[in-house]
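Each of the two complexes below includes subunit A, the first together with subunit B, the second together with subunit C.
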Partner chain A sequence: MFVQTLLTGLAIGGIYALMAVGYSLVFSILNFSNFAYGSIIMLGAYISYFSMVKLGLPIGVALALSILGAALLCYLNERLAYAPLRKRRASSLFFMISAMGTAIFLENLVYAIVGAHFYAFPEVFTKRNITFHGVSIGVLDVFAIAFSFAAIYALHYFLQKSRTGIAIRAASYDIQVCSLNGVNDKHLIGLVFCLAGGLAGISGTFLGMKYIVYPTMGWITNKAYIAAVIGGLGSLPGAVVGGILLGVTETFVSAYVSSVVRDVFSFSLLVLLLMVMPTGLFGRFLEEKV
Partner chain B sequence: MNSKLLAMIPLAVALCAVIGCDKKSDTIKIGQAVALTGDNSTWGQSEKNALDMEIAKINAKGGVMGKQIQLISYDTRADATEGVNVTKRLVSDGVCAIIGPGQSGVAIAMTSVTEPANVSFLATSATNPKVTVDDKTGSVRKTAFRTCFIDPFQGTVAAQFAAKNLKLKNAAIIYDVGSDYSSWLGKYFTTEFEKQGCKVVASEAFRSGELDFRAILGKIKGSNPDVLYIPTMQKEAALIMKQAADLGIKAIPMGGDGWASPDLITLGGKAVDGSYFVNITSLEDPDIQGFIKDYRAKFNNDPIMPNPVMAIDALDVIIDAITKTGGTDPAKLTAQIAQTKNLPTLSGNFTIDPTNHNPLNKPAVIQQVKDGKFVYVTKFVTQ
Partner chain C sequence: MWSYISGVISLGLIYVIATVGLAVFTGFTGLFSLGHAAFFAIGAYTAAILTYFYGFNFYVALAMGGAAGGLVGFLIGYPTLKAKLRTDYFAIATLGFGEAIRVLLENLPITQGARGLPGIRNETSLPVLMVVAFIVIWFAWNLIHSRHGRACIAIREDFVAAEMMGVNIFIGRLRSLVFSAFCAGLAGGLFAHYFCFIQPSMFTSYMSTQMTAAVVAGGMGSISGPVIATLIFIGIPEALRVANIWRLVAYGLLLVLIMIFRPQGLMGYRELSLDLVKGWYRRVWKGGRA
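Entry: the complex of A and B
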């Protein structure tokens, strides 16, 4: 049971990690929590669901469409909702309020256009599982974890090695100084939102496959946000560690104590951790971020 | 001032009701409190369709005592607060009785309005015992009735069917701690299953809105059950069965009438195949074929069971009471409904147990999911 619980925890944590990275990425540059991110993930799930079921596209194409679609939506979200605020130098509180408004708007838009119906992905490989010595894990979980980490690693590599990546990292320290040095901050911010949106497409597709697709599914990202805070908002490795830590802790509490007190437990852990380490595990105020 | 006003509300409401119904009008107003939007709307919409169709038929034949029936339906969104608001509106509209709601929580909340106003409601699929009997005083609620059977019965049938027909010995239960429906079904299943000499090896709770059950399923897997009782709504049930299959749990899943939506199959896919659930009625029930034919002809799809049938049973009971009392006075109807005996309704002979306002000897149906379809297995009769 211990190994089974650990594996399940890792599978859940992997999804948290992927979403937490998206939160952290935006936070590192603009210093606010993009609560509309959950809705972008939800839309990503709808895009890949409809590409697969209505258009009959193979999963790879659906995933690619979802990544592109979510990236575009995330970019539009920034251009339409946040860019005007940034121009007026609004405080991050207003960004957050605007983000919440966007989240509720998108959710209700889906209710109005698509309806409240629950959708499930066709059982491509969602049904298969690997059993070894009485411990089972779904093929989808393995694939989701592997793909998520590949995506996170690719992002990390991009941020560390490429010119644009270096510019993004520089901007995460001080965006004004960065633009004084000739970096086009408008493009840079747009790119960051596209990257976060791409990750949202991946997480939306996997979330939809693992569970179901419905308008309020984005609220699961609350957990991912908590994971990002535990890891230290703005820190990529922190988001990954925070996600896995939260997933595994939750699963162990559910399995060994009770799933009813699971959230009591994980949120107390969050409060306690923040009391001891106010910037999370990896967050160093104005130091190493992305 | 405030308390005086508050005290006057029931009075005013009752007055409105009396005036509304005694007025010499050509219509008989019957209310419907129903979830037309939200998670439960699948049943609610179908329930309203069925009533509209049935009432149109009755009206075409000249109505009841020469008067046309008018159905006033308001959306409760399956929410208790909204249910209370809707009931207040129905009472002030002057309905003589109310059909619905489908949810126990909404029904219990509604009694705060119907009791002082003395307007009866007949719940369609609210199966919690507390709907008709106040568990604090143990006395029956004067205006609360139902046309479906109650939780203990649903849990009892499932437990007996698992023990006697399927010959299963060890049960694991997963229930939603945030839902009265789910917790009560779980409790009564446990009691009856143990009475049958079998064992409940695991009983795990989760919170409403949960999506991932693998942690508790992993724990359940270790206790090796041969039946997995999941008294939840279709969304959770489908996810639980899918994830149980992922973890390689071989136990036979069983549930209650909350499963009876095509969503169970679309969401659960192959994982729900072979599972059993108790239902109030079924599309294959030979007694209701005429109704189903008409419904299909009119709406081009199947009624979502069991609410449409339960709502028509309720309509039959109200019409019977109106005919017997010769009027639409809500208080007289309330007294008459409590004495309903051997009334032929859509689903069969209907009797109200005056001690608890539940139907007596209401048969239950066992259904199975087979190759992506709900299949009728057998019919149980209450003892």
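Entry: the complex of A and C
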């Protein structure tokens, strides 16, 4: 029972981690909460659903399409909603409102156009289970764990080893000094949004397969924000740890206490943690600039 | 026809009461609450349960609803504001809080879960609403023109400098939050006794969004701006019979457009006054500088 719960928790925690990383990546560069990220994840899920069901594409192609589509959407989001503010050097409050506006816009546009229908993914892996020493785990969960961690590792490798990755890390410390040193900050920010969008495509596809596809995707995408805050906004290792921690504790609470109190629990965890550590587990001490 | 018009005005006034509270909080301290619907719900349920199950007098129940909202605002504000969270962290904490309250309402026996409370006494009438709205606006007006209000403006503009000058940031923010939660609770009580039926799904992020959109569109740091914006937001879609969903799409788009083109909103740090109207008049009719 214990190992079983742990594995289920890891599977959902991996997806949370993936979402939290994408969200935290944008935060680390631009220092604002990109609340539109949840709706990009939701659109990623729709893209892969429709390409699998309506176009009859195999899962691999659907996933690739979803990554590309979500990356494009995230990029457009930046160009249309944030770039004008960046030119004006607006405060992060305005970015946050603009992001909220984008989230509301996208979510309800899907409601209005596609409708509030619930779409279930065709069963690619869901039916089968691997049983090992009395512990059974769905093939989808194995795949989700493996793929999330592979994606996070690939991102980590990219940020650590490539020239562009170094530029991104430099920009997360100080974007002005970084552009003084010859980095094209406009391209860099565009690339960061594309990367975040790609992660949104992956996590959206897995979320859609694990649960169901619908406009708000429930409370699930908000978990990405909570996970990122637990880990400390702007810190990528923090986002991974926060995501896994949230996924595992939630699964334990729903297994041993009750699934009803799960969301109340994750909220209390967030508030308690913020009281003790106001910048999250791994957060850099980010004073708000005035 | 008159009953239709008075219905629209009543709904508008209920939202005005809640939005004025949020305007005092968000517009004057710069902190975002993404879970204001939860205070609204707490007020609605408290007042409704008191009149429905215990036969309390409507006005007593209304005051208790407001007080319950304020109390919960205090309970949530105390730890989060004490920790001096960043704007983003605070917004995410309130987001989690709003969801947690909704889950609780759906599962507590006294709230009858998702079925809601049908058959609440119809007590809210247009005169009652007008009186309450007047008192709330008058109180908010005095609050922001008091020592407390000036302190809040100082906190919003530059909280480091404000703290240096001896302004207690924590007290200033907490007082604004409690006042705004009280207003939301009051509006909730009026809402419950106007529609005579409440259920948890009424108090979703839709409601929080509408209030935030009205505050931003009306202009942060203004009381009259958000009041006008709320009346427009309620009145125009009602008059045009726009479907709920397209309304939300428009709110989202509006938030982004306001941030790009007119970040100060409708009134923007000003209040509706005779001089302002005279200035507009001169600009429009005489074509000269106001």
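Definition applied: the second predicted complex is superposed on the first by the 283 of 290 C-alpha atoms of A that agree within 3 Å, B and C clash if a C-alpha of one lies under 4 Å from a C-alpha of the other, contacts with A are read in each partner's own complex, and residues count from 1 in each chain.
Here is the rule we use: contacts are C-beta pairs under 8 Å (C-beta built on N, C-alpha and C of every residue); 3 or more make two chains touch, one makes a residue touch a chain.
Only a predicted model underlies this, so the values are computations on that prediction, with no experimental measurement involved.
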| item | value |
| --- | --- |
| First (subunit B), second (subunit C), both or neither touched by A:I59 | neither |
| Which of subunit B and subunit C A:V114 touches, first, second, both or neither | neither |
| First, second, both or neither for A:S259, with subunit B first and subunit C second | first |
| Touching partner for A:L281 - first (subunit B), second (subunit C), both, neither | neither |
| If touched residues of subunit A are counted for subunit B and for subunit C, the larger one | C |
| Partner chain in contact with A:M100 - subunit B first, subunit C second, else both or neither | second |
| First (subunit B), second (subunit C), both or neither touched by A:V142 | neither |
| Subunit B versus subunit C as contact partner of A:L270, first or second or both or neither | second |
| Touching partner for A:M1 - first (subunit B), second (subunit C), both, neither | first |
| Shared contact residues on subunit A - subunit B and subunit C | 260, 263 |
| Complex interface listing, subunit A residues touching subunit C | 27, 32-33, 80-81, 84-85, 90, 92-98, 100-109, 111-112, 219, 222, 225-226, 229, 233, 260-261, 263-264, 266-268, 270-271, 274-275, 278-280, 286, 288, 290 |
| Partner subunit B, residues of subunit A touching it in the complex | 1, 4-5, 8-9, 11-12, 116, 118-120, 123, 126-127, 129, 131, 134, 136-138, 141, 210-212, 220, 250-252, 254-256, 258-260, 262-263 |
| Interface residues, subunit C side, partner subunit A - complex | 30, 32, 34, 76, 79-80, 82-89, 91-93, 95-97, 99-100, 103-104, 107, 157-161, 209, 212-213, 216, 243, 245-246, 248-249, 251-256, 258-260, 263 |
| Subunit B - residues contacting subunit A, complex | 37-39, 41, 177, 204-207, 210-216, 218-219, 221-222, 235, 238-239, 242, 245-248, 263, 266-271 |
